[in-house]
Amino acid sequence: MAFPKAGRLGPDNFPIVVALCCIVLILAGGSVYTVSTNGTFSLLSPSYLLQQLQIGAFLGIVASGAMLVILLGHIDLSVPWTLTAGAMMATAVGGPLAIPAGIATGLAVGLVNGLGVTLLRVPSMIFTLGVNAVMGGLMVAYTGGYAPQTDATPLMRFLASGRILDIPANALLWLVVAIAISSMLRFTAFGRQIYMIGNSEAASYLSGLRIRRIAIATFTLAGGLSGLAGVLLAGYSAKAYQGMGEPYLLPAIAAVVIGGTSILGGRGRYAGTIVGVLLMVLLNSVLSIMQMPEAGRQIIYGVVITAMLLIYSREGARR
Amino acid sequence: VAGPKEVSGPGAEPACFAPWDSSTGYLQWPKAEAPFKIAVVNGFVGNLWRIQMVQTAKAFVEQPDIKGKISSFKIVSTGNDAAAQLGAIEDFINQGYNAIIVDAVSPDGFDRVIRLADKNNVVIVPFDNTLDTDKVIQVNENQFEMGRQWGEFLVKELNGKKDAKILEVRGVPGNSVDRDRHEGIHEAFKNAGGNYQVVEVVGNWDDGTAQKVVADAIAVNGQFDAITAQGGDTGVVQALMAAKHPWVPFAGESENGFRKAIATYSSEGLKGLSIGQSPGLVAIAIKAAISALEGYPMPKKIAVPLPSADYTNLKDDVNYWSKLPDNFFTVNAFPPCNVNITATEIMSHNQENQ
Amino acid sequence: MSSSTASSPPFLQLSNVGKTYGGVRALEGVDLTCRRGSIHAIMGENGAGKSTLIKTVAGVVRPTTGEIRLEGVPVNFHGPAEANAQGIVCVFQELSLMPDLTVADNICAAAPPRRGGLIDMKAQRRIAEELLASIGCEDVHPLASVHDLSLSRRQMVEIAKALGKKPKLLILDEATSALTRRDVETVYALLERLRDEGLCLLYISHRQAEIEKLADTISVFRNGRHIETFSKGTRTNDEIVRMMIGREITAHFPPKPPPPPASAEPPLLSLENLSWDRQLKSISLDVRKGEIVGLGGLDGQGQKELLLALFGVLKGVSGTVRINGQPAPLHGPVDAKERHALALIPEDRKTEGLMLNMSIAENLIAASFDKIAPAGIVDRAREKQAIDEAIRRLQIKVSDPHNPVSTLSGGNQQKVVIAKWLMTGPQVLLLNDPTRGIDVGTKQEIYRLLRDLAAEGTGILFYSTDYEELIGCCDRVAVLYDGHVVAELSGAGLNEHALIESALNLGPAGAVAPAHEEALS
Amino acid sequence: MTTATATGDIAIRLRRHRGLIVAVITFAVLYGIYNLNHPRGFSSQVMVQNSTEAFSLVMLAMAQTMPVLMGAVDLSVGAVMTLCNCLASVLLSGSPLQIALGAVLCLAAGTAFGAVNGLIVVYGRLQPIIATLATGAVAIGIALYIRPTPGGSVDDDLSWALTNTVSDFLETYGLFPDGLPGWARFVGAIPVPLIMAVILAFLCRTILARTVIGRTIYAIGSSEGAAYMSGLPVARAKIAAFALSGFFAACGGLFFALQTSSGNADIPQAGAYTLNSIAAVVLGGTSLMGGSGGAIASLFGALILRTISFSFRIFSVDPLIQPLVEGGILLAIVSFGAVHLLRVKNTLELVR
C-alpha cells in the first residue's frame, strides 16, 4: 500500500525509523572517535551538520530522480554522464542561461531514456547504460574538439555553496525539490499513477492510464534532476569536469532503497529517501574523518546496507 | 634471438632521455626500417588529462620532423579493463606495429605482451602510469621526487614550525603513483626532523571528492598549518574558501585553476608550489620509441624533469592562463626534447579544427 | 458421513484444521474425511476457504491448528514437493505452469527422466506425448512453449502434468473453469476412470452441473467452516445453495426485458467487417443501448481478441467500428475509455485487472483519475466518496479499503475490477468471462448488476464459457467459430442445443471454415 | 505424431532459439569484418589474442546468465572476479600441487561468496539487485585487504601455457619431448582459452538445460510461484544459481590472474566488468525478465561486445570519437531488438 494512514508505524514508515536509528549510531560512533582523538564533539556541532546537509543536497537531488524512476519499476544508470553533461553544458553556455541550459540537457537525456524504454521497450537497465556510454562519448568528443569553458557562473556558485540565514542554499533548494516531489507523489494523478505503473504495467495499461506518457515524463524529470544536480555540483566545485557524476550513481540507488523504496517499484515514501541520503552522506563523511582505509570503507558500506535491508525484510515477513 | 639487448650507456639525446638515476640500465633494439607504425594504447579516457594527452599525441605526430618517420599512427582507449588493454597491445603486435606507447591500467601484468613484443622486435614504451618491470623503456616524471619536493617546500614555508598540523589529500588508493608521492612527502617530513601531525584524507584525484573530504577534515580538525594535495587541488581551494580557512602554504598539482588561485591569493598567504604530471609525457614517449627503433641505446627509465612553478615565479600566459578554464593542465611542453606543443596550442589547434 | 469402510483408516483425514492470515480466519476447525475410489466435491461461495483447504493439504500453506492424516499417519508437509512425494497432487486454481518452458519441460518439471544424471530429453518427450494423448490432447506439441497455448490448452497441460506425478490423491481446484465443452467430456471420462482405479479425487468447481455429474460425495464450506458432507442426490440444489450462502436464492437469473422495438436510432456499438491477424474474420455485430449481447463458442475462437480489438489493444485491425453511428477508430485503452466511454473487464484479473500489492482503494480509482483529479490534483474528498460508493454499490466485502487487494477472495477481487470500471460511467461494457471462478451468490449479484446497467442504457458485450449464463443473461448471443460469427441466437432460438451446435459449427449454415483444430492461438 | 512433426520440430526450435540465432549472426558478421581487415586475419595468433582477451568477459557473462535467467541481476560478479583475481595472485605459485590447490581455493572462494549471496537472497528475502550491490562492496573490500596495491606473482609457465595455443601448452610442459603426435599437430593451432571457454560454456549450458537445478532456474524466471507449486526446489536452485554465478566469476578472476600475472583490486574495473556482463547477456538475446535465453547465447553476447572494441584497432576512428561510437553501437544493437515490436500485434504483450 502506498499511502498508509498517518499515525501508525506502517510498513513504509518502518525503514525510515530504522534508518534514523542508524544515523544516530553513526554520529555516536563518529563522536567517540573525535572525542578520543581531538577531544571535541565536532560531529554534533551545527556547522558540521549543516555542512553535511550541503554535501547531502547534491545526492538528495540525484536520489529524488532515481527514486521516481525506481518507483516506476525501472532504473536509471545514465546518472553519471547526464549529471556531468548538465554541468558541462551549463558552464559552456554561461551567463544567465547557464542554469536553464544545464537542466535542459538533463531533461533531454531523460527524454531519450524515456523514449527508448517506452517506445523501443529496451529494458531500462540496459538502455540507460547505453545512453550513459553515449553521453560519456559525447562529452569526451566535445571536450577534445571544442575546449569548452568550464567555469561556473556566480549564480551557480551561490546556489551551490552560498548560505541563506546560515542555511546552505542548496539544502533549501533540495527542500523545495523534496516538497514538490513528495506532494506530487501524494496528491497528483501523475504521482499516483507512477505507483500504479510500478505495481502492474499491464493493469495500468488496461485501466486506460497513459503509461507511455507517464514513463517518459518520469524519466525526463529524473534526467532534469540529474542536470540540476550537475549544475549545482559545478557551482560547488566552481567548474565542470568529466568525472564529476561517477560518485553519485550507486549511492543514490542505495539511499533510495535504504529509505524503504522497493527496488521493484510501486512502493516507497519520499521521506525515506531523505533519510537514506543523510545516512549515506554521514556514513561516508564519518569514515573519511576516521581515515578508514578503502578496504574497510567498502566492507562497512556493504555490511551496513545489507544489514539494514535484512532488518526491513524481517519486519516485512513478520507482518 | 629477437628482442632488445642490455647495453651500457650513454644513450641517445641524454638531455631529453635522461636516465632515472645512475643505476639505470640501457636497452638497444636492432635498427628498424623507417617509416614506423606506432600505436598509443590508452586506458581510461573520461578526464581532461587523458583528453589533453590524446590531443598532444595527435599534434605531436603531425610535426614535420616526426611526420616523415611514421607511416601509420593509431590511438585506442580501452577503458578500465586490463584485459582489453593487454589485448589491444597484442593485437597491434600481431598487426605488425613497430612501437606501442602505453598508459597502463595496472602496473603489473604485462609479462606476456612484453614477451611477445620481444619476439617480434616491437618496442613498448609505458608512460605516466608505468610498469613494475625493467624489461622495457619507460617514460615518467619521478613521482617520489615530486612528493619530496612538495614536502620540502612545505617544511620551508612553515618556517621551522615543527609541530605543524598538515593536511595530506591522497589520490586513488592502491595506485603506485599515490604510493610514491605519499612516500616522497613523508621522506621530506622525516628528513626535516619535525613532529608533524599529518591528517590524511582520500581525494581520489577528483575535485569533487577532494572538496568534500577537505571540508569534513576542516570541520572536525579545525585549522591546518599547511596542505598538500596530489590532485583535485582546485577542489581543495574551494573547500578552503567555503570554510573561510585562512590561506596557508599549499603544495599541489598543476591544474590551471590551482595556479590561478596561487597567483591571486599568494599575497594573502596561499604560498603555493605547483608541480604536475604533464600530458606532454606522451610526446616524449613517442620520441623515445622512435629513437629506440632507430637503433639507439635507450635508458630503461627516462626521467622527465619535473615542471615546477611556485608563487614566486608564476606568470600569466607563460606558466598559467588566467583566461582559460581551471581544468587545464598547464605544463605540456618540454623544450630539451624539442616537444614544444604548449597547452594553449592544443586548444587553438582544436578551435581551428572546428 | 456416508463413509462405510470402517475397517481401514480413511485415505485423508483432517481434524480441527484451521488457518489464519494475519487477522483473517480463512479456515476454522475443519474436520473432513476422504475415501479412495471417490470423487469428493468441495463447494462454497467465494472466500469460503476452499482454496485454502486445498493448499493446506497440498503442503503450500501450513495449517495454524489441527492435524492432517494420510492413511492414518499424521503428515506435516514443508512445501508442495513433499506432498507430491506422498502422492498428493494438486491442480491449482492459479495455474502452475511455467510459460517460457516447453510443454514437455512443464509436464516433467519436478521429476524428469534422467540418464547418467542428466535429463533425458527423448524420454521426457515420450512421456509428455503419452500423457497428452491419454487426455486427448494430441494437438499440443510437446516442444511448444506454454505461453503460445490458449488457456484451455494450458489447463489440459496442467492436468497432464498432474497425472504424470502418479497421484494417489488428485485435487482439482477449479481446474476446468476454462475448458472447452469437448475437453470437459474427456476430463470427466478420465476422472471417472481414475476413480475406478481407486484414486481419491477432490474436486472444486462453481459449476453445479459438473458436480452433479461427477461427484459422489459433496462437502459444503461457508466462511471457513465445514458445514456438511453428504452423498450426491441426498440434497436438492436449492438446499445446497442455501447451505453455501446461508440464505434462500429465488431465481437464478434476473428477468429479461422484452426486446426493444426496432428504432431508427443507430446502434450504440456497431462493428462492420472487423478483421485482425488470423483470428478475427470479418465480424459484423451490433449492440444496442440497453442490450446484453453474449459472445459464445468454444474457447479460443476469437472472442477474447474481439474484446481486445474493441478496446484498442490490438494493432492492425481492419473494418469499421461505429459508436452511436460515428466512426470510432481504435487507438488504445486511453482513447477507448476517455473518448468512447468503453470499459473492459479483462480475462485475468490478477495480472490484467488489478495491481495486487496496492490497496483496494487505489485499485478502485485507477481508471477514474479524470473524475477525482480533474486538474491533475487528487481531490481527497471526491476520492473517498467514490471509493465508498463503489464498495457499497457492489457490496465488496472489505474490512478496510486500505488493505492490499490481494487479501480479498477471488470473487471480491473481481468485484473490485468491475467497480473500478463502473466508476468511469461507461456506455459500453466489454466483459471477458467475468464470472470465471465465482460463486453462485456473487454470480447472481453480477447478473443483476449487468441487467440494471443495461436498463440504464449501457450496452454490454459479454463473453462467457458458461452456456447457462449466456442463455440466462443475454438478450442475444453471437457464436464465434474460428474468428467468424457463425450464428446469432436470440429469443427462443437461444438454447443450449443451438449454442452447442453452432459452437461446433454444425449448424445449418454449414462449415464456414475448414475444421480447424484449436491448438496454438 | 511421428512423421508429421519433423518440420514442426525444426520450426518450433528455431522459434525458441531466435535470440541465439540473431546473436550468432551478428557476431559472425562483426568478427568476419574484423578478420578480413586485419593484416593477419583468420590466423592462430589473432585467435589467441582475441580469445585471451575475451575469456574473462565470457566467464562473467556465464556468471550473469544464471541470475538473469531467474529474472534477477547479480551486481557483484565484477567484484567477485576481482576478489578471486587478488586471491589467485597470492595463491597461484609454487609447486604444481600448490598451484592446483590455490586454483581450487580460488574457485571455492568465489563459489562460496556466490552461495552467500544466494543465502541472503533466499533466507534474507532481499532483492538480488540490491543485495549483490552491497555484497559486491564487501568483496571489493576484501580484495583490497588482500592486495592493497597491484602486484603478486603467478606461475609463469602456467600463465603462458593457458594463454596460448595447444601446441604452446604442450611445449611449455614438454609433454611430447619427441615431437608432437598427429592429433596434437592437428589441434595445435587452437587457442587454449578458446577451448576452455567452450568447455565451460557447455558446462554452463548443460547445467541449465539438463539438470533439475538448471530447469528450476528457468522455471523461476518464467514464473516463480508456478515453479514452487510444481514442487521444484526453488530455494535450492536460487542458492545454486548464485553459487554458480560466483563459480564462473571466479573462473574469470582466475584467468585474469593468469593473463596479467598479478592481482589488482581495481574498483572501476570491477564495475566495468559487472556492467559489461549484463550487456553481454542482453546482446545474446537473453531476456532480463528471465525464463528464456541461455549460456551459449551469452557466450556470443560477450564475443559481440569484445568484437566491437576490436574494430577500433583496425579502422581509423578519431580516438576521442571512439567512446561515442562504442556507446552508439551498443545502444543501436540493443535497440535493434525493437524490430520485433513491429511484429507484435497485441500491445498487451508489450506491457507484461
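What to note about this one:
Going by the order they are written in, the chains are A, B, C and D; count residues from 1 in each one.
Please note the rule applied: contacts are C-beta pairs under 8 Å (C-beta built on N, C-alpha and C of every residue); 3 or more make two chains touch, one makes a residue touch a chain.
All values reported here derive from a predicted model rather than from experimental measurement.
The chains that touch both chain B and chain C are A, D. Each chain gets one centre point, the mean of its Cα atoms, and the points for chain B and chain D are 36 Å apart. Centre-to-centre separation between chain C and chain D, using Cα means, comes to 44 Å.
Shared interface positions of chain B, defined as residues touching 2 or more other chains, are 45-46, 51, 54-55, 173-174.
Annotation for chain C: residues touching 2 or more other chains are 313, 351-352. Under the contact definition stated at the top, the residues of chain A that touch 2 or more other chains are 136, 140, 143-145, 202, 204-206, 293-294. Applying the touch criterion to all chain pairs gives A-B, A-C, A-D, B-D, C-D. In the complex of the two chains, the chain D residues touching chain A come out as 73, 120, 124-127, 129-131, 133-142, 144-145, 148, 265, 267, 275, 278-279, 282, 288-289, 318, 320-328, 330-331, 334-335, 337-338, 341, 347-348, 350-352. Remark: chain B residues 45-48, 51, 54-55, 173-174, 199-202, 206-209, 211-213, 215-217, 219-222, 234-235, 238, 242, 257, 325-327, 346-347, 350-351, 353-354 touch chain A in the complex. Residues 1, 5, 8-9, 12-13, 15-16, 206, 209-212, 215, 218-219, 221-223, 225-233, 290-292, 344-348, 352 of chain D are the ones that touch chain C when the two sit in their complex. Across the complex, chain B is touched by residues 38-40, 43, 45-46, 49-50, 52-53, 55-57, 144, 147-152, 156, 159-160, 163, 256, 259-262, 264-266, 268-269, 271-273, 306, 309-310, 312-314, 316, 319-320, 322-323 of chain D.
On chain C, the positions that touch chain A within their shared complex are 22, 311, 313, 333-334, 336-338, 344, 346, 351-359, 362, 366-367, 369, 373, 376-378, 402-404, 420, 424.
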